[in-house]
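The structure is given below, and queries will be raised subsequently.
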Amino acid sequence: MVEMVFAVLIIAFIFTLFIKNNRVASIISLVVSLFPLAAFLDWGREFGINLISIGFENTMNINMAGITLHFSISPLAWFFGIMLFSLIPPILLYSYSFFSKNDGFYPFMILLMVSVMGILLSSDFLSFFLFWELMALGIFIMICRNGDRKAMVRYLSYSVLSGVLILAGIALLYHMNGTLLFAEIMLKADFETMVAITMLIIGFAIKAALMPLHTWVPPVYSTSDEPFVAFLSGGLSKIGYYGMLLLLFAMPGARVMEAYINSSIATYLLAIIGSLTAFFATFLAIFEDDLRKLLAYSSIAQLGYIAVGIGTGSSIAMAGALFQAFNHAFFKATLFLAAGSVAYRTGKWKISELGGVAYKMPLTFMAALFAIFALAAIPITSGFAAKWLLYEAAIERRYVFIAPIMLIAGVGAFLYSFRILYGVFLGENRYPDIKEAPKPMVAGMFLLVMPLIIFLIFPGYMLDMMDSFLSSAGLATISHSPYVIHTTLGNYNTIAVIVGMMFAMIPAFLIYVLRKQHLVDFEDNFIGGEIPSLYEHISMHAAHNFYKPLKDVVMPYLEGGATSIYSSLYKVVEKIADGARKIYDGVVQDYAIYVMLFLLIIAGWLLW
Amino acid sequence: MVIHPVLLIAIPLLFAFLMPLLKRAKAVTIIILLFNTLLAILMFHNVYNNGPLYEIIAFSPPIGIYLYVDNIAALLAVMINLLAFINFLSVEKVEIKFAMLYLLAVASSTGIVITGDIFNMFVFFEIAAVSSYALVAWKRDKEALEGAIKYMVLGSIASVLMLVGIAFLYSEFRSLNIYDIMNRMDEGSVLILLSFAFLLTGIGVEAEIFPLNGWVPDAYQGAAGSIASLLSFGPSKAGIYAIARLLMIFSWQQSYDLALSVGIMTLLIGELAAFRQENVKRMLAYSSIGQMGLILISLSMLDSTDYAIIAFFFLLVSHAASKGALFLLSERKGFGSNASKYAGIVSVMSLIGMPPMAGFWGKWYIIMGAMQMEAWWIIAAIVFSSVVEAAYFARYLSTTMQEEEHASIIAAYPPAIMATLTLLLGILPFIYKIATIGGVING
Amino acid sequence: MVTVVSGLINVLIIAIYATVAMMIGILFMGIGRKIVARVHNRVGPPIYQGFIDIAKLILKKTNITHGWIYDLALLFSITGIVLTILFLPIGGVKLLSTEGDAFLVLYLLAIPALGFALGAGASGNPNSAIGVMRALVMMLSYELPFVISMVALMIYYDTTSIAEIVASQYGKWAILIPPFAISAAVADMALQGMLMEAPFDIPIAPHEIASGPMAEFGGKHLGSLMIYKAGTIVAYTTLFVDLFLGGGVVMKGGIVADVVNFIVWFILIFLVFTLSLLINTSFPRFRIEQAFKFYWKYEAVLAIIALVWVYWMVIS
Amino acid sequence: MIWAIYFAIASLLAIGIYGVITKKNLMKIFISISIMETGVNLMLIAIGYIPGGTAPIENGDFTTYVDPLPQALVLTAIVIGVSVLALALVMVINYYEKNKTLEYRRLMKW
């Protein structure tokens, strides 16, 4: 039945290419996007999770003239599939109102679905790479639609670099093993394998936006359409981590290597890079004024945590990484969609130009608020459970460097979260005439929040979902009930927190209802002993350059980061390129001299 | 059914010179190119099922003119004729002289591919070159003339050098038959080294390898889009195929090493020169140089790995079709219509090596091959050049995608058809089978 | 039946402890003002002044609000701080602290701050926004040394649970182990920032930004913020005592031990609070960037020294 | 004797290349190319030459004759050379009309 899902998607891709009407295309793609989701939900039976039962088969081999592509489902792929494909329908629902006409968004979303499905199901490197590049292509076309030069150049360069590195790694593995099938590749603890794995991991890290390979992310996220960015940040960036997990943990040969890798510095390095990514990207997000760039840096930071988990490699860390991936998918998608709704109504992206949107768009605000709580890992949101697992893992492994860095990055998340809350949604009511976002958009956002709420109360269900992966990777599963997670170091009981919270809310609620209150106008307030006149415009919105004191201290250390290294590298390449150009100086005599010199040199070389 | 490969050359030549009598140049040319394409396809079918095809004209082999068609040659013939046909559709006003020159160029490019005689190859090179000079200068403005003159000077030097090489070869073996020479290569003395050097330099000018390719950017910049397109899939591809044969004839380790180093240099210089280029046609020309380097690298691996021939084929076809489409598109500032956008994106992606385009398989097999050889330098060069290439093509797309320019159907569809070819070839990798069955030449 | 009864008793104990802790916090506010006054050579208000203030505020008849987001401040601040106290062992009584751990407490402490910040943001008063900004930057500043110290403790005792840390310290308080003496000193300065006492009373600086986040609060909202303030005193000092001073546990088993431990705990948090007040009275206010540099340069270096020391001890 | 011919060939080629490389006048460049072509034609004939051989014409009684193939090749080469030269001259004329000079000037570079 894999064939059927692929066929439906491909037909829908071609079909939607020729539909101009946005709503029709949206509904078609929405319906189509339910097919892979249903398939993945159904495949849960394989891993002991019965959600629905249709009876899809889960293996497929396509034979095309001497080349066979193998597809089958694995526990890791299943987890990622559930995550990514439950992300898509709400986004498509949101797009129902977001776009005015179908100019390529829907077909290429479907193409991305095809590629994601292919990547997740592939069980040999050829089909993996084929669909991997197809995904890169799909993303590029999505970026092309808005045609920002910086975004296109950076994305395509990085993407091609990643593709070539992955290809080289695959080729090396193939050369050493003589097979492309995951099941037959035995990774060995020798130098060539390490080179191959390093190349592959760098390739994956580019998609996963690990620092210092992240510089394509801010321009791309800040110039593309929000529904697509929601999927890119929430869903597709995880595919890079899927590749890493596949390589380091899920491949049958991976266990052989683990002994080597654990004793080496390699994965520790990955964890350190992940934590530094989280740290620096958080600081960059704190000072960013463009809402989309802020969210982009925040994405980079949150994705860094996943790398920490993968690098740490214990079962707690792995659970934390997967949990974090899942959470990030949903809260970041919600936030991007919320940013999109705000821009849909106000047309502004700069935080310093926004403000007071919450009063007119309360539903959008509520969705965004919940997502921000999850982002900042406020306890009992599922975001906390994920971070908590990662912290536990770092302490368990005694990572004295990584644990504080991660914790402080977590605190930094409060800073930029507040900037979103205050700068965009609260403060001065600058847009008194806007309306709430259209209903499909709101519905899309709330659908995205739903999984977060489920795993808020029952983080254990999430651990159930990853149990079969952990045991297939040879890691111990974590003892848990639906609402309690036990680790060797400590427990996290959501019911205790919720009950405690209800208990603690009693006095607060009593105080709240004790005396009546009346609503006053927003501008009716007290500034330095004066009541500002309503007629005289005073900006009461302190959103511009919000963290200036901190910025003054920190910025000197943040400058000269990856971007400046790349720009100096770019300048060097430019110089060399100019040199290469100068060879073709347009003088035919010079060209004739080149010809004669070439003749002399090769004749001399051959004779000698 | 017996197919005479000679018809592929003879018919266009005949009609080229009958053209002044026939008047309706466009219709006649289109019919001939279509006929040729079908003939080439039939020939390919025949060769694919029955093995290589020989045709002998006048004398018996070692002395007489000799045509030899194997799988790859037949496919290249199909490619050249098919692309020439599609490309010709995009020419709006066809003069008789133009049609003549066009047919000559196509016929001679096909001739280079299917001939089995080295002097014949020279003659076809010269016909291709003469018609290309005239076609490049077709616009008759300053730039076109300058490009044509540069091309002509270098081309003439090349022809002299090629002839010298042939003279050396002849004096050594008293034969001009490629397969005869190949079988007797062990008898050769030091003179064949010189002959290799002269032939490589001579053919290299046509095949755009560094540093013999000075004419490339200027001629492409000066020529009209459809001419640049013809140059990129016709004579230059035939030239690189001639180099492939040259390497097979003189199959020493030294010559492969030489091809590798020249290929890497061509790749890097071409891509770097394109990196900062603002003029679209010139950028595409530099990019062609880079791609030629990549193809040459794949040729240099012929001896060491089985992947080389497949990589060579996919790179060649992908580059021919995509560059053809891009040169056609370069006539206008932007893409405008959806068909043009489709053509532009698919072609660029094929050149960069994204699935499901043909270029993907080229990239896949060349890296597989390089890894099998454990040639780290090739990998490094390919990684670097791919990134540079991606950067300037992204820049190119970012400017062209935005420009809204209306294109007539005649201008918009031929590139789209070419792009579809690369797409189909990538999706249906039946070529894999073909390429594994037949070698470049098995005499 | 027995489990239900014992469960109810547990709930009752937890409720009593939480209430008492909050009362102690309010009492400490009064005591604090008294001590500060004495240092200033004034008489000062009576020590039950905190109760009077809060009662007055929450019983005020006219209350204004700027909308439902503004009201979140009230709900979040009290809920958050009480919840935090529930997860801290008080005098060896674990309350809910076996169900969560130090990371949970660290993040729970952010809930009231976030609610506070939301309310301040919704009030539309620029002073509030600036105050929140300062508070958040302060948070970022003091968390680094504090977190490093905490990680050192966790690695040493190989647990993240505060209850476990307290239990492990029975008989030998962490502060008596040389590296943790450094850690404790560092954490005490971080505590100064957490309690917003001078020299780190930057977020609520009355003279500069009209008390910052609370500028626009009044009536029951301000009252709830004062309750929150009282709660933070208890929560942070208890956290410090639990981490470094063995949670005040000097005896084990039985009601008597609980009472004794409670008294020791009370004395200890009082001492910690008094120390913080004495520092408060003897320093002027830092600027925000000075505070940031202080914590990230000197404090962090000390904390790292302690951490490396501990790491070395654990490994060898 | 034969070495003198090879020397002549080498000098013709060298003169031609020297001309192409140093001269700025387009006419001179193409004349140099013609000289090179002459050189290479001479070379082909020289290769086919067999000492004491007669012309390869069937007259009933000959035993040693020069290799006929190079002569055929030379004929072809001469024709090609002439056609290229003719085209070159057409272009030079066009070039002169456009630029009013025969000096080589570059318009396109880099």
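We call the chains A, B, C and D, going by the order they appear; numbering starts again at 1 in every chain.
Following the convention adopted for this analysis, contacts are C-beta pairs under 8 Å (C-beta built on N, C-alpha and C of every residue); 3 or more make two chains touch, one makes a residue touch a chain.
For clarity, every value in this text was computed on a predicted model and none was experimentally measured.
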Most remote chain, CA-based centroid, reference being subunit C: D
Central chain (by mean CA position): A
Distance between the centres, which are taken as Cα means, of subunit D and subunit A, whole angstrom: 67
Rounded Å distance, subunit A centre to subunit C centre (Cα mean): 35
Inter-centroid spacing, subunit B versus subunit A (mean Cα positions, whole Å): 43
Gap in Å, rounded to a whole number, between the CA centres of subunit D and subunit C: 98
Contacts with two or more other chains, residues of subunit D listed in rising order: 17, 20, 29, 104, 106-108
Junction residues of subunit A, two or more chains touched: 581, 584, 586, 588, 592
Arrangement of touching chains [line / ring / star / complete / other]: other
Residues of subunit A defined as touching subunit B within the complex: 64-67, 126, 129-131, 133-134, 136-137, 140-141, 144, 147-149, 152-153, 155-157, 159-161, 163-165, 167-168, 171-172, 174-175, 573-574, 576-581, 583-584, 586, 588, 590-592, 594-595, 597-599, 602-603, 605-607
Subunit A-touching residues of subunit C, taken from the complex the two chains share: 14-15, 18, 58-67, 69, 71, 74-75, 77-83, 86-87, 96, 98-104, 106-108, 110-111, 113-114, 117-118, 121-127, 129-130, 132-134, 136-137, 139-140, 143-144, 147-148, 151-152, 154-155, 158-161, 164, 210, 215-216, 219-220, 223-224, 227, 287-289, 292-293, 307-308, 311, 314
Contact set on subunit D toward subunit B in their complex: 13, 16-17, 20, 26, 29-30, 33, 36-37, 39-40, 43-44, 47, 67, 69-70, 73, 76-77, 80, 83-84, 87-88, 91-92, 94-95, 98-99, 104, 106-108
Subunit A to subunit D touching residues, read off their complex: 581-582, 584-589, 592-593, 596
Residue ranges of subunit B in contact with subunit A within the complex: 149-150, 153-154, 157-158, 161, 190, 193-194, 196-198, 200-201, 204-205, 211-212, 214-215, 217-218, 254-255, 258, 268-269, 272-273, 275-277, 286, 345, 349, 352-356, 360, 363-364, 367-368, 370-372, 374, 379, 382-383, 386-391, 393-395, 397-399, 401-402, 428-430, 432-433, 436
